[in-house]
Amino acid sequence: MPKKIIKTENLNLWFANKKILKEINLEIVENKITAIIGPSGCGKSTFVRTLNRMNDLIPSCRITGNVHYKGKNIFSPETDVTNLRQNIGQVFQKPNPFPKSIFDNIAFGPRLYGEKNKDKLKNIVEESLEKVGLWKEVKNDLAKNALSLSGGQQQRLCLARTLATKPKVILMDEPCSALDPLSTAKIEDLMQNLKDITIVIVTHNMQQATRVSHFTGFFLMGKLIEFGETKDIFTKPQNKKTEDYISGKFG
Amino acid sequence: MSKRKWQQLKETIIKYFFGINGVISILVLLGIFLFLTKTGLQSFEKISLSQFFLEKEWNPTSYNNPQWGILAMLTGTIYIALGSLVIAVPIGIATSIYLSEIASPIMRELLKPAIEMIAAVPSVVLGLFGLIFLVPIISTFFRISSGLNALSASILVAIMVLPTIISISEDIIREVPQEYKEASLALGATRWETIQKVILPVSASGIFASIMLGLGRAIGETMLVLIIAGNAQAFPKSFLDPVRPITANIAIEIKEVVTGDLHYQALFATGLLLFMITFTINLVSDIIIHKQLKNLNHEK
Amino acid sequence: MKNNRILKEKIIFSFIKMAAFFSAITLVLIIGYVFIRGFKVISWQFLFQEVQQRDITKGGILQAIIGTIYLGIGTFFIAVPAGISSAIFLNEYIPDTKTSRVIRVAIRNLAGVPSIVYGLFGLAVFVQFFNLKTSLLSAILTLSSMTLPWIITASEESLKAVPFEFREAALAMGATNWQTIKKIVIPHSLPGMITGSILGLSRALGETAPIILVGATFYCRSLPTSVFDKFMALPYHLFILATQHAHPQAHEYALGTAIVLITIIYLMSLTAILIRYHLRKKKNA
């Protein structure tokens, strides 16, 4: 029985009076890649943003139900949100490096947690950039503004920035939708190599889901329609709606 | 005349109507500069620049030995401008951070109009309020015979420039792309760390420009300082001394001078100086703000 | 377990909140103080009777109110049309060249030039050069020059907010330049232009420094009968009462005058907001 790192129980979410997520019960397996698929507006992005409480930013957001991370309710008053987000990192749809140097981008997280030692920071920066295959490309330009990198490089930088905080889970919200196929392939390779990290990836690209993920959840109009191993979902879906979606009848 | 020709004629007439209006407006505004310069510069035929800027004493009405030094008044202007910024900048920036990043939407909707309403209070009313309310407090607190001094004026000018600093800084901070905030929070930063390490560095130059604009307003403020600053011409040694800033001096003396004489011209010279200082300050902040907004929009 | 980074945030946020509430409370304090202390002098007599120079408590401030209203009307009819049409000219008719950009920047920055400098200008140009003497007309022209940059800048901003596609679409259907402006550009930008103009005007009416130089006087026996007369105005009246009047109750009467002035200014701002709201609703309907 594989270990579950995140569990949601009867999760409901509203923005103002609009119900976005309806009774989501889902379990994320540790150190595996889970893909969340579904048509636009089905709530899949909102769902992953709930897992690290990024929806806190939206004042009209209201949530019922529970999300457990490593057995603890993330909505309980004892939860330290900053700690939670350090453990559950996020890579966004559009690359969003800070308008700072490459070095400062990667060192941002470690510095928050109090790391001041320059040599240690250097090591973290090198290690993180190495993991995303960016070290060779930028090692001489660490002082350069991160915005001068190409889109694909920026996204890998953002991934490296997240890795520098040593997260247990990384949420990826359509991380490749703004990238060209070559950069997309690089990111997908990286995901496969991050063996000791749990990844939840939102994608509208079903090929991507089959290529990278072990598990897949299909969302439709705020509901989790079907969840299971990726190969099962795509070869023998149980639900008619899932079948229609993956065969391209709507989307 | 054919309909087509009539329409073309109409287009031309309308174009000239707007054109003439535009040109007249531009001429009037150009005229401000020309008249100030022409009259102001005439005074330098008789007053040397070094006397004007470096001498402390201003005594144009002395029969034997008139003095034309603006240093004491300029120091008064600088005291009040800097004094007011020392008070207004921290409060103003904190308020703009609160409005843009911390306040709930309801709180913002309540506070913003309240702050805009300060901006609408005429400075003469603020001066009256200061005279009756603040000045006695200052004189009691510091045990001085009169609270009409640079400190009281600085406090009131600070209240006057607050809305300028707040509204421009807030606009700039709100332009910081949401993506930066999300990235920082998702890395485990607290909201304050996000403000301190991401939002403020990104909006720094725009906030600086808002302070410059506040400075420009503080330098140009007339009625408040005329009522509150004490109007003494002696060189101020501390903030508790009464001062007569350049603006107040113009308001006090211009009514008593003979048109076209040297005193009149010298007052225009001080006006020209004010014009050049404030215009330059505004120009610099304008350029900074536009550059900043362009950068932020570019990065979005 | 909460860490001390969160504690730090709490402490700093409470300082920031204090600063923000200080900003807001200052306003309540000022307005509240003026209204509470000045309210008792407000009466029909105060609003509708002429100033009694000998004893301010025996008369009202009618000349000052009327003077300020005249100033407002005069400035409105000069500065608003001139400002709006200049903005249309600058934005719609002349090409976006370096020169035109320099002109725009210069106008925008004239908006920040101190009002006393406009007073000097008015004195040199209207009072002396055009020999209009210190009069209502000189004051109207001076305030108009001062408001002009504000109105042009506000109007240009609303003109810029009209999407370029709208103009393209109209021109592509064969509309002339003026038809496009009349049918598309002006309706779209009018709310902003009017709001900006009224707000500029309300600010001008509170200005004291420029009108001291060009025609306001502390006492006129009667209301101005022509634009060449001297006149009284609320801000100047209040200034004199506050600083140069010997009557023991002068400050209270100054506060009463301040209430009238602030009320006029706030009513104008309110009108601007209502007009904007109304026109927006009409546009969206």
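The first chain written gets the first letter, and so on, giving A, B and C; residue counts start at 1 in each chain.
By definition in this document, a contact is a pair of C-beta atoms (placed from the backbone, for glycine too) under 8 Å apart; a residue touches a chain by one contact, two chains touch by 3 or more.
These figures come from a predicted structure and were not determined experimentally.
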Chain occupying the middle, per Cα centroid: B
Most distant chain from subunit A by Cα centroid: C
For subunit A paired with subunit B, centre-to-centre distance based on mean C-alpha positions, whole Å: 48
Where subunit A and subunit C are represented by their mean Cα positions, the distance between them in whole Å: 53
Inter-chain centre distance, subunit B versus subunit C - centres from mean C-alpha coordinates, in Å: 16
Multi-partner residues of subunit A (at least 2 other chains): 82-83, 112
Multi-partner residues of subunit C (each touching 2 or more other chains): 5-6
Residue list for subunit B, restricted to those that touch at least two other chains: 190, 193
Contact footprint of subunit C on subunit B as seen in their complex: 7, 10-11, 14-15, 17-19, 21-22, 24-26, 28-29, 31-32, 35-36, 39, 90-92, 94-95, 97-99, 102-103, 110-111, 114-115, 117-118, 120-129, 131-133, 159, 162, 166, 190-193, 213, 216-217, 219-223, 226-227, 247, 250-251, 254-255, 259, 267-268, 271, 274-275, 278-279, 281-283, 286
Residue ranges of subunit A in contact with subunit C within the complex: 78, 80, 82-83, 112
Complex contacts: residues of subunit A adjacent to subunit B: 52, 54, 57, 59, 82-86, 89-90, 92, 94, 96-100, 108-109, 112-113, 147, 158, 161-162, 165
Residues on subunit C engaged by subunit B in the complex (per definition of touch): 5-6, 8-9, 12-13, 15-17, 19-20, 22-24, 26-28, 30-31, 33-34, 37, 81-83, 85-86, 88-90, 92-94, 103, 105-121, 123-125, 128-129, 145, 148-149, 152, 176-178, 202-203, 205-209, 212-213, 235, 238-239, 242-243, 251, 254-255, 258, 261-262, 265-266, 269
Contacting residues of subunit C [partner subunit A, same complex]: 1-3, 5-6
